[in-house]
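Naming follows writing order (A, B, C and D), and every chain is counted from residue 1.
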Amino acid sequence: MSTSKRHRITLLHGASYVGGEIIRLLLRHPRAGLTSVTSRTFAGEPVWKAHPALREQTGLTFSEHAQDVGDADALLIAAEHGRSAQILPPLLEGGFEGAVVDLTADFRYEDPALYDEWFDYEHPAPELLGRFQYGLPEVHAPYPDEARWIANPGCFATGLALALHPLAANTASLDASVTALTGASGSGATPKAATHYPTRDGNVRAYKVMAHQHLPEVEQVLGDSANVTFAPASGPWTRGIWGTAHVRLPGEAGAKTVADWYDDAYTEGACVRLSPGALPEMRASVDTPFCDVGWQTQGDRLVVGFALDNLLKGAASQAVQNMNLVLGLPETAGLVPPGERAFAESAARNERREEAFS
Amino acid sequence: MSTSKRHRITLLHGASYVGGEIIRLLLRHPRAGLTSVTSRTFAGEPVWKAHPALREQTGLTFSEHAQDVGDADALLIAAEHGRSAQILPPLLEGGFEGAVVDLTADFRYEDPALYDEWFDYEHPAPELLGRFQYGLPEVHAPYPDEARWIANPGCFATGLALALHPLAANTASLDASVTALTGASGSGATPKAATHYPTRDGNVRAYKVMAHQHLPEVEQVLGDSANVTFAPASGPWTRGIWGTAHVRLPGEAGAKTVADWYDDAYTEGACVRLSPGALPEMRASVDTPFCDVGWQTQGDRLVVGFALDNLLKGAASQAVQNMNLVLGLPETAGLVPPGERAFAESAARNERREEAFS
Amino acid sequence: MSTSKRHRITLLHGASYVGGEIIRLLLRHPRAGLTSVTSRTFAGEPVWKAHPALREQTGLTFSEHAQDVGDADALLIAAEHGRSAQILPPLLEGGFEGAVVDLTADFRYEDPALYDEWFDYEHPAPELLGRFQYGLPEVHAPYPDEARWIANPGCFATGLALALHPLAANTASLDASVTALTGASGSGATPKAATHYPTRDGNVRAYKVMAHQHLPEVEQVLGDSANVTFAPASGPWTRGIWGTAHVRLPGEAGAKTVADWYDDAYTEGACVRLSPGALPEMRASVDTPFCDVGWQTQGDRLVVGFALDNLLKGAASQAVQNMNLVLGLPETAGLVPPGERAFAESAARNERREEAFS
Amino acid sequence: MSTSKRHRITLLHGASYVGGEIIRLLLRHPRAGLTSVTSRTFAGEPVWKAHPALREQTGLTFSEHAQDVGDADALLIAAEHGRSAQILPPLLEGGFEGAVVDLTADFRYEDPALYDEWFDYEHPAPELLGRFQYGLPEVHAPYPDEARWIANPGCFATGLALALHPLAANTASLDASVTALTGASGSGATPKAATHYPTRDGNVRAYKVMAHQHLPEVEQVLGDSANVTFAPASGPWTRGIWGTAHVRLPGEAGAKTVADWYDDAYTEGACVRLSPGALPEMRASVDTPFCDVGWQTQGDRLVVGFALDNLLKGAASQAVQNMNLVLGLPETAGLVPPGERAFAESAARNERREEAFS
C-alpha cells in the first residue's frame, strides 16, 4: 500500500463540524491526504483552533482560499448551502478537472424548480445540475464512469432513504409515516436559539413538520410511488439521528419477505448494517460510518427503525466513501478497519438470518 | 380556606420517584396533608433519605406499615405493579372506607383476561376490578358518585389517549402510528441496564415495539374503532414524554374541523393545553401538571404531538388530580396556582383560535 | 391567612430565566402577588411566551414599562447588570417609597471604585450605594430597620460566602482554594458560544480564573482576613452550582470545632442545610431554596463542599427571601412548606449531630 | 511498514468499556493486531455483542480462556482489580515470556503494605511486584531494557501526576489542593446507584474525599515531598476527567519559571499537550490519547488544570502507548496520525511560547 499513489485532497470550508470530521478521517486515511483546507474565519490559524481535539495531531493551517486547487485529485466542499453553486462555476472555467464531493444541498435535486420551492431561491448554476450524481452509495453505486461530481446526501435523507428504499423498490406504492430526531451538531457551529443549552437540555422539539427540505431528496431516491409523511425533531444530544417509519405491508408480504427485500437491497451495501426483528439503538451508530436499519412486523404492520451519526454517515464519512468511489479506492478505505469488513459482513449476515428465523 | 377541612392522606410505597413527587405536591396542597407514608426499605428513616431535595422541608418519617390507615380520607398507592392487588383486599376486609387512587397497573384493565395476556399473571382480586373507575380526568370526569376508587392511568397511556381521544370520538375508525420517547425516571429508582448512564447518555432505544402494556389501556379509552401501532423508546433525559401520532383524516375533515374536535373534547379539560398548528416541545410540560397536545395538518395527513412529565401528569399530579376529584376538592388544587386557571384558560383558548385561523 | 394583606409586587425585566423563576414562586406565594411584570422584548405578550411552562398558569401579560409602580410594596429587578443604576434614580425622583430587591450587581459593592476595577465602568449613581444593604440573609439578617433596599448576592458569591463565612468568622486568617462549577442557565437566555449545545455537552471549561466578579463580593462578606483563590468553571447541565473549598485549619481546631462553627453560624440560617462529614451533592439542592454546605476533615486539612440552584438560592428564591424580610413576612414564605420548617430543622440538626459524632 | 512484523496481542477481559477501546484502537494499529480476546460473560459471542459500535468492523469472537497465549507478543489485561494477581502467576509458571500491560491496580504500588491499607486485602503475589514497572510514559519512559511488564496507571492518577510532576520535581515541597471530576464510564459497565441515569443527570457528587485509591499512586510518582489533598467527584457525562490543582509557588518562581518547568518536563512527552495561561477544557481531550495540562498564575498563586479521556489516556490508549514502548514500536503508533506529530508538536510548542510571553 505504501507504494500506491496518495491522492491529494482539498477541503473547502473546513472549520465546520463536518469539516472537522473530514479532516479527522483523512488524517488516518491510507490512500488520501489533505493538502489544503480553507476557512475564511480561521484563515492563517492552525486547524486545531477550530477543532481543539486535533491539536498536535496535524500541522495543517487554514488558508483563506484553496491553494493549488488545480492539482487536487478531489475537492470536498463542507460549506453552507448556497456556497457551492457560487464556488464551482469559476473553478470549472479555471480548468479544474478533479473529482468533487459536494456536501451542500446545492446539487442534490435534479429538478431546478425544487430550489425555488424548498430553498426560496433561483438556482444560480442550473446548467451544472446534470453533471452531478446524487450519491447514496448503497443505492446508487457503482456510479457511471463519467460521474465524477457527487452530490452528497443530507443527513436525514440518508436515514430515511436507506430505511425505505427496499420497501419502495418492492411494493407498488409506499406510504410511510416517519418521525426522526437529530442531535445539536446538525445545526452547525454557530450558536442559535434551538441549540442554546438550557433550551435543548431535557427537551425534544419538532420543526419543519411535513416541510423539511430533505423530503424531496428522499422522494427523488424512492421514486413516484412513495409517499412519506415526515415529522423531524431535535433531541438533547450532540451527535446522532434516530427514527422510525410506520408502514402497512401489502397483504402477501410477511416477515421473511421483508427480510429478503432488505438483504437483497444491501448485499453489497458497504455502510448499512441490518438487524431484522429489532430496531437499532442510536448510540451504536454514533462515531461509526454506518447507517443501522432494523425492523419489526406484526401482521401487516411494519415498523422500521434507523440510526446514524449525522456528522459521519450523514455527512463526512459518506463524503469520504463517495470520494473513495470516484477515485477508484476501496469504498470503505479510511472508514472501516482494512481486512475486517468482508469477514465480518458475511458472518453477521449469516447470524442475522439464524437469529431472525430460528 | 383555613377553616375548611384538611383531608388526611396516606401514601403507600412513598420512596419511589413517583412517591417523592406526591409528597412534594401534598406538602403545599391547600386542603390535604400527608399523615402517613410507608416504605419497607426506608422504614424509620426521615423522608429526605429517599428524596434528598425534601430535606428540612418536612418532618415526615417513613413507616413500615400504614399507620391509622382507617382514618385516612384517601389512600394513594405508588407501589410496583402487582402490589395493590395484594394490599387492597385485606384493607377492605378491615373496613377501610376511604377513597383510593391506585398508581399501579393492577386495576386499569376492565377485562381480567388482559392481565394474563400482558402481565403474564392471573389477577389475584378480579372481584375488585369492577369497583375501580379508570380515571383519565379530561376524558372520564366527572366520575359517577359511587366511584371512589380510581385506577390512575399509565404515563404513556395518558399521552396517547389524550392525543387520540378527540379523533377516535369523531371518526368512524382511527388508525394511528405512534412513536413516543420517555425519560429514565420512568424506569424507577432501581439501577438497571437501560438506565446505566453510559448506556443512556446520547442514546435512543426502542423497546416493546407494538407490545407495550399501556396499549390495551389506550385502546380501552379509545374504543373498538381505534387501531394504534405504538413504537415506544427511551431517550437521554430524566423526566418527560414526547411523542407523535400520524393519522389519515377522513375526506371531509380539514384543519378547522380537527381544531373543533380538540376544543370540544377539552373545553373542561383541566390539565390539557392545546396548540393547534404546532407540535408541543417536551420541556414546557416538564415540572407541570399538564399534558400538551398540538397538531399540524397537510391535506388529509395529520401529525399530532403530545408532551407530558411522566412523573406528574403521567403519575403523581394526575393522582392528586384524581384525589381532588374523589374528595370533592377543586380539580387542580395544589397543582395550578389558585385563581389563575380560569382566566388563563379562556384567554389562551381565544388566543389559540386567533392564531390558528388568522 | 386570607384576611392578611396581600403585598403588591412589581417585577422589572421578567423575561429572563431568573424572572421566570420569580414569577413561578410568586404565583404560589401566600402573601404577595405580582401586579406588573415588564419586558421590552415581550411587551404586550402573555408571560408564557417567554416562559412556556407557565402557560395556563397565569393570565399576566408583559408590559413595556412598569404600571403603577408607585403603588408597589416591593420592586424586584431581574435586569442585566448596569440597568438598575439607570432605572432607580428616576424612580426615586418620582417619589417611589416601596422596598427594592435588586438582582443585578449594580449595588453589591460598597466601594464604588470596585465597579471601575471589575466591571470597567464608572458607577452612574454612587450616591445610592449607601442606601443598599447587601443581603445574604443567613449572614446579614435581621437587617437594620431602615434597610429597605437590598442588593441580592450573586450566585457563586452566595455559595462561596455561605461555605466560608463560619471559617472566616472563627479564624485569624483564612486561605481558601475554591473550584466551583455552574450550569448553563447562569449565562442567561441569549445564545452564546459557551452555551452552544455541542460545545457544552460533555464538557467542563474554566473561565475568569482568579478574576471572577463575584470574588470581591465574597471578600466583602468575609472581611480582610480572608484570602480566596477561585477557579470558576462551567459544566454540562442547566441548573446548579457545585464547589469545593480546600482550607488548612489552625492547629487547635478539630472536626468537632468546625462543626460547632457551622452550627453556631447557621442556627437561624433559614435556607442553609448543613451536613458534617459529607460534601453535598448538587442535585438535592436544585429546585430548592437552599444552599447545602458539608465538609470533611483529615488532620488539619478541611474540604468544604457547597451546592445550590443558581436560579433559586443564587438569585430568585433568595430575592423572594429578601423581599419577605423587608416586607416583614415570614422569611421562607412561598419557599418552604409552611409549618414544616421549624420541626424539620430541629430534627435534622439533632440527627446531624448524632450521625457525625457517633 | 507493511513488510514489518505484525505483533500478536492477546487481550484479557475485553468486554469492559476499557477493553472495547483497546479493541477499537488495535483494529487500526499499523503494527499490532489482536489474535485473542477473552470474556467470561460473552464467551463464544462476537465482539460486537459487548461493543455494538464495532459490529461489522471485526470478525473477532470472545473466548472464555486466552487461546495460544504462549504465542502472544504482548498480553493486555483489562480486568477488575484483583484479577491480574490471580491470572499472572500460573501464566508465568506456564512459561509465558511475552510483555504484559496490566490495567488493573494489582501491581501499581511498589509497597505491598499499601494493598492492605487501600484495598483491604493481602496481596496474593507480592513476589511479582518487583517485576513491574509503573508506567506513566511521559514521566518514566524510556523504561529500563528489562522492564517488559508494565503497571498501567489509574485514570485520576494519570491526570494528577502529569499536572503536578513538573512542580514536585522543581520545588522543595509541594502542597496541592486538587478537585477533579470524572464521567460515568469510569465506573464500568455494570449498573450501580452512582451511575443510575436519574441520579447522575444534572448532578455532581463527591466521593472518597481524601481517600481515593489513586492518591498513593500519585504520591509514589511525585515523591515524599509532595502533599496532595484530593477531592474526587463524579459528573454528568460519560467520558472525561477534568480537574484543578491549587498550589502556592515558592517566592522566587514566576509565570515564566513555571512554564519552563512544564516545557522541560514534557519536551519528549508524547501524549501531553501544554497550554500556559489557560486551563484546558475537558472536551478537547475526549476521544484523544492526550492529557491536556494548562495553568494560570497570579502572584504566588498557581492554578493548574488538567483534562483527559478516562477511557483513553486514563486507560486504553495509555496501555497501547505502553505496549508500543515495550515492543519497541513508535510510542504513538495507532494513536496519533503518523508523520503529523513531530511537525505539529514543535509548531505548537513555538506558538505556545509566543502566545504566553508576548
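Rule of thumb we're sticking to: a residue touches a chain if its C-beta (ideal position, glycine included) is under 8 Å from a C-beta of that chain, and two chains touch if they have at least 3 such contacts.
Just so you know, these numbers come straight off a predicted model, no measurement behind them.
Participant: How far, in degrees, do you have to turn chain A to put its CA atoms on top of chain B, rounded to the nearest 5?
Facilitator: That pair's rotation angle lands at 180 degrees.
Participant: Tell me which of B-C and C-D has more C-beta pairs in contact.
Facilitator: Result: the pair with more contacts is C-D.
Participant: Taking each chain's centre as its mean C-alpha position, how far apart are chain C and chain D in Å?
Facilitator: The mean C-alpha positions of chain C and chain D differ by 40 Å.
Participant: Measuring from the mean C-alpha position of chain B to the mean C-alpha position of chain C, what distance in angstrom results?
Facilitator: That gives a centre separation of 35 Å.
Participant: Two or more other chains touching the same residue: where does that happen in chain A?
Facilitator: Residue numbers touching two or more other chains: 183, 201-202, 236-238, 281, 283, 286.
Participant: Quick one: which bits of chain A touch chain B in the complex? Just the residue numbers, please.
Facilitator: For chain A paired with chain B, touching residues are 177, 179, 181, 183, 199, 201-206, 209-210, 229, 231, 233, 235-240, 242, 244, 246, 279, 281-283, 286, 296, 298, 301, 303, 305, 307.
Participant: Considering the complex alone, what residue numbers of chain D touch chain B?
Facilitator: Interface residues on chain D, with respect to chain B: 17, 183-185, 189-193, 195-198, 200-202, 236-238.
Participant: Can you name the residues of chain C that touch chain B in the complex?
Facilitator: 1-2, 27-28, 46, 48, 52-53, 55-59, 273, 281, 283-288, 290, 336-337, 340-341, 343-345, 347-348, 351
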